[in-house]
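You will see two complexes here that share subunit A, one where it goes with subunit B and one where it goes with subunit C.
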Partner chain A sequence: MAFIEQLGVLSVTLGMVAMWAIALTLLYLAIAKQHEPLLLLPIGFGILLANLPLTGLMTPEEGLLWRFYRYGVEWEVIPPLVFLGLGAHTDFGPLLSQPRLIFLGAAAQGGVYLTFFAAQAFGFSLEEAATIGIIGGADGPTTIFLAAQLAPHLLGACAVAAYSYMALVPIIQPPIMRLLTTEQERAIRMKKARKVTAREKLLFPIAATLVIILLVPASAPLIGMFMLGNLFRESKVVERLAETAQDALMNIVTIFLGVSVGATMSAENFLRTDVILIFVLGLVAFTVSTASGLILAKLMNLVSSDKINPLVGAAGVSAVPMAARVVHKMGAEADKKNYLLMFAMGPNLAGVIGTVIAAGIFLSMLG
Partner chain B sequence: MAEEVLAPLAGKVLSIAVSVGDTVEEDDEVLVLEAMKMETVVYAPSDGEVTAVAVKVGDQVEEDDALATIDG
Partner chain C sequence: MSPAANVFLSGLAGVFAGIGLLYLMMKLLARLGATAPDRSASTD
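So, the complex of A and B:
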């Protein structure tokens, strides 16, 4: 009798079956369509595991996945380690060669703040609204970092929304870009950027750490690790550490991050009407962020003789480097000899920093 | 007059569409670079004969490196 009671199959609920469908959809997108496979695959499998009955995987203090989540995500360990790897991977040259494009990365946070207010109007609490707004930055680890602090019950939905919109950048952004720019604007060729010296690249992570953390101390875990990873890279004296941070360590933390995020998506956490609202608001945030980067670039052109191709403003959302690639492709469509990739990387990288600062501001206000 | 085809951005040479002695027209494909996992086609800046190809497939090039020379 006890054996029969222990049979998982008798405890399956409809909600679980619905979550299996979601898990399988994510696995399909990851494997067959190769949309963000490094994250959607472990997230999808995590969802599947978390929605099998009687496993105890998410039982507090006992379950394996609960431990991954508790000590990895809730303790703020994994997202900063992802940023360490990103820092070791990032060449800030494109940002340093065109400092004025940093403003575009800042403008593209417009969607984050607008959605913060919009979500409140839909009845979400301040903490929930901030977490939903940050989806507009299209930055997975930052979204997870903020959600774990402010609204852990929304973590799974917000993370999946952020990663989905990152994967969908090539589909979501082009129509907005076409709507807000003319063919001539898209064909604007930008003036060659100046060369950035090795010394500038070396000093940047140190200076950025000082300035950003002194202004927004709550951004320290992410910015601190981001810039440490970058210093590994630019110092040229710890190549072993730089390599480990960007490859081996990044792969390890990605496994734990993906599975942990998936594990938070139990049927009772995810199958709620407000999750649909989160996806809609997240999309609004992302759309507004894309548009505000574009619009600021056009405004800057009104006062500057050195024209900016407004498309690069759309790269202010921090989906690196997908948003920059989309800009490059759109520019080449208008003029096949227009090479915008490196110009777009500037606002793209500024967007990552901008989203982390936005998260830091939310944490200082609400955390 | 000889004109150099310069790399518009840093990347890896993925394929080369011309060889020495070929005649090209302005905007013909010269080669394909790969940067950030994306293919970028480099086009001929003018009409003429290809007198030199300075890179081979697999080479890593920096921005403004000379890739080929076209004599018009």
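So, the complex of A and C:
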């Protein structure tokens, strides 16, 4: 009889079945549609595992997935390691060649703060509102990093919202871009960027670390690792470390990050009305962030003779490099010979830095 | 001022201050870079 009592099938609940459907949807999107497969696949499988009965996988102090989450995410280990890999992948040349474009990355944080305000008005606590607002930064590891510290119960929903909207950049952004720009503006050709020297690229991660961390110390785990990874790359003396950070290490931490995030999405945590609101507010954040970057680019054109194609402002939402690719495609639709990709990479990288700064400020004020 | 308004305004101001400082730093790096020999241009 004891064996029968231990049969998992007897403990399945309706909520678990609903979560299986969500897990299978994410697995379908990852495998069949290839939407952010590196993350949605482990997240989807993590959801499936966490919603099987009597497994004990998320039992505190005992469960395997609980340990992944506790020591990887809650202890702030995995998101900074993802940033180490991102730094080793990143070429800051496009940003350094056009420094003024960095302000577009700051403007795109408008969606983060506006949504923070809106979420708070909808009854979320300040900590929850900050976690929801950061979805607008379109940066998965930063969203997870902030959620783990301010609102762990919202981590799964916010992470899935952030990654889903990042995957949907080519669908969400173009209508906003068309609405806020004229055909003539979309066809603006920007002046060729200057060549950036190797010394500038080498000094950038060191100087940026000093500037950002001295201003926002709470951003140190993410910015510190991001710039260390970039220094691996630009120093050209530790190629083995740079390769490991951008390939092997990045792949390993991505597995644990995805599974851990999925594991937080139990039926009781996820099947709540406020999760729908989180997805709606996340979309608002993303939309406003896209629009704010575009609008600032238009404003900068009012005072500068060296015109910026306002489309590049939309890349300030991070989502590297998808948002930059969308900008390039939209620009090419208006003028086939307009090559905007490298110009859009500048605000795209600035968006990553801007979102980390925004998260650091939330942490220092609310953490 | 309400706590939410405080976070909202301080946050936006902080992001623009941080990005503004980075902008100045990049302008400075551009000057340093322009006067320094470019290792990437080396043909050895």
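By definition in this document, the second predicted complex is superposed on the first by the 367 of 367 C-alpha atoms of A that agree within 3 Å, B and C clash if a C-alpha of one lies under 4 Å from a C-alpha of the other, contacts with A are read in each partner's own complex, and residues count from 1 in each chain.
Note that in this section contacts are C-beta pairs under 8 Å (C-beta built on N, C-alpha and C of every residue); 3 or more make two chains touch, one makes a residue touch a chain.
What you are looking at is a predicted structure, and each value in this text was computed from that prediction instead of being measured.
Once chain A of one complex is fitted onto chain A of the other, the partner contacts of A:8 are absent, as it touches neither subunit B nor subunit C.
In the superposed model, A:341 lies in contact with subunit B only, and not with subunit C. Touched residues of subunit A were counted for both subunit B and subunit C, and C has more of them. With both structures placed on the common chain, the touch criterion links A:126 to subunit C but leaves subunit B unconnected.
Contact with subunit C, but none with subunit B, is seen for A:215 once the two complexes are overlaid on the shared chain. In the superposition on chain A, A:321 makes contact with subunit B only, while subunit C stays out of contact range.
Residues of subunit C that touch subunit A in their complex: 3-8, 10-12, 14-23, 25-27, 29-30, 32-34, 36-41. Those residues of subunit B that touch subunit A in the complex are listed here as 8-10, 27, 35-38, 40-41, 43, 63.
For subunit A in complex with subunit B, the residues that touch the partner chain are 321, 324-325, 328-329, 332, 336-337, 339, 341-342. Interface residues of subunit A facing subunit C in the complex, by the touch rule stated above, are 95-96, 99-100, 102-103, 105-106, 109-110, 112-113, 116-117, 120, 126, 129-130, 196-200, 203-204, 207-208, 211-212, 215-216, 350, 353-354, 357-358, 361-362, 365-366.
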